[in-house]
Amino acid sequence: MSEFTLWDIVYNLALAARWTVLLSLTAFVLGGGVGLLLLMARTAGNPWAMRLVRGYVELFQGTPLLMQLFIVFFGLPLIGIDVSPWVAAMLGLTLFTSAFLTEIWRGCVESIGFGQWEASASLGMNFRQQMRYIILPQALRIAVPPTVGFSVQVVKGTAVASIIGFVELTKAGTMITNATYAPFTVYGCVAVFYFLICYPLSLYARHLEGKLRHVAR
Amino acid sequence: MAYKFDFGAIVPHWELLLNGVVLTTELTVVGSVIGVSLGVLGAWARASRAPVISQIVGVYVELIRNTPFLVQLFFIFFGLPALGVKLTEFQAAVLAMVINLGAYSTEIIRAGILAIPQGQIEAAQSLAMNRVQIFRYVVILPALKKIWPALSSQIVIVMLGSSVCSQIAAEELTFAANYIQAMNFRAFEVYFIVTGVYLVMSILLRWMLKVFGNFLFERRNHV
Amino acid sequence: MSLVELHAIYKSFGELEVLKGIDLRIEEGQVIALIGRSGSGKSTLLRAINGLETINDGTIMVAGKKVGDRDTDLLTLRLNVGMVFQQFNLFPHYTALENVMLSPQVVKKLSKAEAKEVAEEMLIKVGLSDKMLHYPDQLSGGQQQRVAIARALAMKPRVLLCDEVTSALDPELVNEVLAVVRQLAEEGMTLVMVTHEMRFAREVCDKLVFMHQGRIHESGAPEDVFANPKTPELANFVGGLAGAA
């Protein structure tokens, strides 16, 4: 057994935490992009597109993230695409994120009254112009707090990627535990790292929410 | 050469899957009942007159909501034995789910309580009810009714989240899937089907929670 | 000995002093109307009498005993003093009957049968024998308010406080509630009510208390007070009402 000091544990976890952050950021940004496309598809008025997106959301919200990662990880090689745990995790989390974000944003768009659509239509705007100039700017304002709030779920979701072998914070914790036989300390530190990443995001989301409510009054 | 899918390869193992479904269900039921009860207590404590208690519960809620369930599970299963607390896989899984859901439902139920009009509480006070009586007869049921959809969603999330309990070898559905694919080397097919099973379970759970909510908040004569 | 005695009651909300030394005696069987402009502190006073507002200074005595700040004191106070609110505040998840039964059952520990008997009696008294199994949202405002009165009465309080019990009602529903209050007064119930129904106050009450800027500005028998107000503020107030009517 090698001699691990607390400092070694923290240092190694910090190194691994970079991957947690990177995976979170990637999934959040890409997932946001996909989510936006899905949102467009869903609100544009084509009933089939609507149903499809609804099914997509239902699927990702109704199954475990772990299964989603497994299917990507084991499924893609079957159609000839070899994926590393990193790619599988990124892809799986992106899809997962997009489903949740599109659902959150749909709620925001729908909370913009029908009158806004009608008024902008009466000014001769087409769907894209309505979205671009009228709906999105308003929806964006109310969408920011829950979106920031959801980023916490993404960060926590990346822990599941450890199970398909992607070495991030949790996986590093397991590896260090196996070397040190100090699970209490190591997982305690792992939890602290996650908390340090997530808590500011939670606070920020709550702050934004409070500000929004203040403005609404 | 194209891969040939063989979903039939899972059929011989149906009993394992069924066991997994049963265990996941058990975990979910036990975890939810205790977890939501803990949430009711937590919400009560958050509204408590003693700021210390309220703050302690607040810290618990934030700690849990800002760390992954998987890490909580590992901490409980691998970490607690260092303190002399030895738990079986099932116990550890349930405990993790209870602690996790307890924190989320504390926040959710608290929001429901805050939404009860102050006049309701004052009316109860003027009728000489004490704090416990007011909570029990006047506050909690309407509060739960208000937040039942949110609470239901959280319970479904916890059920789906229990799939990572396979990592401590709790023999729930995902564990069964891992076990089967290790035997028949049909990982994709197994996970695909198990994903479907989870989907059905979450739809059923959602439906049952709705029915249960209707029952709970139904208008009936208590007299 | 008065039923309720208030001595030098002071109450502030932050900087705002709302009650500035209120002295008031409520005698057994008395019917008191509390009048005054919006913001003069009528509701605050009533709520203080019921222990819904903690006062900053002064004493409240009920049946000769001082109300301290222990929970049992508050219980004694509220067992003696009932309250009806402007907004009814019925419990939405209980029927009319259950609303009335609840407190006798859980606070007074009556058996279900006893509580039901009391509740039915009270609901019949307020004219709602046919609405007992209705939920609040299935009742009109006037009916809800009558349930609220029955609910307070079921605790058998010695004083009933009524804060603008008809103000939230449509005009055509006001009379059914006033009729119930009038009946209570005639039966000898001790009542303190905040009201803007001056005619009703004059007919039913035996004491009128005019509040102005957190003080009791003037009080006396309704006929006297209305006929010769001693202060310009009351004259103004009464005149303003007459002008508006």
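Note that the chains take the letters A, B and C in the order they are written out, and that residue 1 is the start of every chain.
Just so it is clear, contacts are C-beta pairs under 8 Å (C-beta built on N, C-alpha and C of every residue); 3 or more make two chains touch, one makes a residue touch a chain.
Heads up on the chains, UniProt names are A = Amino acid ABC transporter permease; B = Polar amino acid ABC transporter permease; C = Amino acid ABC transporter ATP-binding protein.
These numbers come from a predicted model, not from an experiment.
Enquirer: Which neighbours does chain A have in common with chain C?
Expert: Looking at chain C and chain A together, the chains touching each of them are B.
Enquirer: Looking at mean CA positions, which chain is nearest the middle of everything shown?
Expert: Minimum centroid-to-centroid distance belongs to B.
Enquirer: Identify the chain pair joined by the greatest number of C-beta pairs in contact.
Expert: By number of C-beta pairs in contact, the leading chain pair is A-B.
Enquirer: Quick one: report the Å distance separating chain A from chain C, using the average Cα coordinate of each chain.
Expert: Using C-alpha averages as centres, the distance is 55 Å.
Enquirer: How many angstrom lie between the centres of chain B and chain C, each centre taken as the mean Cα position?
Expert: Distance between chain centres, rounded to whole Å: 46 Å.
Enquirer: Quick one: chain A and chain B, Cα centre-to-centre, how many Å?
Expert: Result: the chain centres lie 21 Å from each other.
Enquirer: Multi-chain contacts in chain C: which residues touch at least two other chains?
Expert: None at all.
Enquirer: Taking the complex as given, what residues does chain B use to touch chain C?
Expert: My answer: residues 117, 119-120, 122-130, 133, 137-138, 141-142, 145, 217, 219, 221-223.
Enquirer: Give every residue of chain A touching chain B within the complex, in rising order.
Expert: Where chain A meets chain B, its residues are 59, 62-68, 70-71, 74-75, 78-79, 152, 155-160, 162-163, 170, 173-174, 177, 182-184, 186-188, 190-191, 194-195, 198-199, 202.
Enquirer: Which part of chain C faces chain B closely enough to touch in the complex?
Expert: 47, 50-52, 71, 75, 78-79, 82-83, 85, 87, 89-95, 97-98, 101-103, 106-107, 112, 116, 133, 135, 148, 151-152, 155
Enquirer: Which residues of chain B touch chain A in their complex?
Expert: 3, 5, 62-63, 65-72, 74-75, 78-83, 156, 160-161, 163-164, 166-167, 174, 177, 187-188, 191-192, 194-195, 198-199, 202-203
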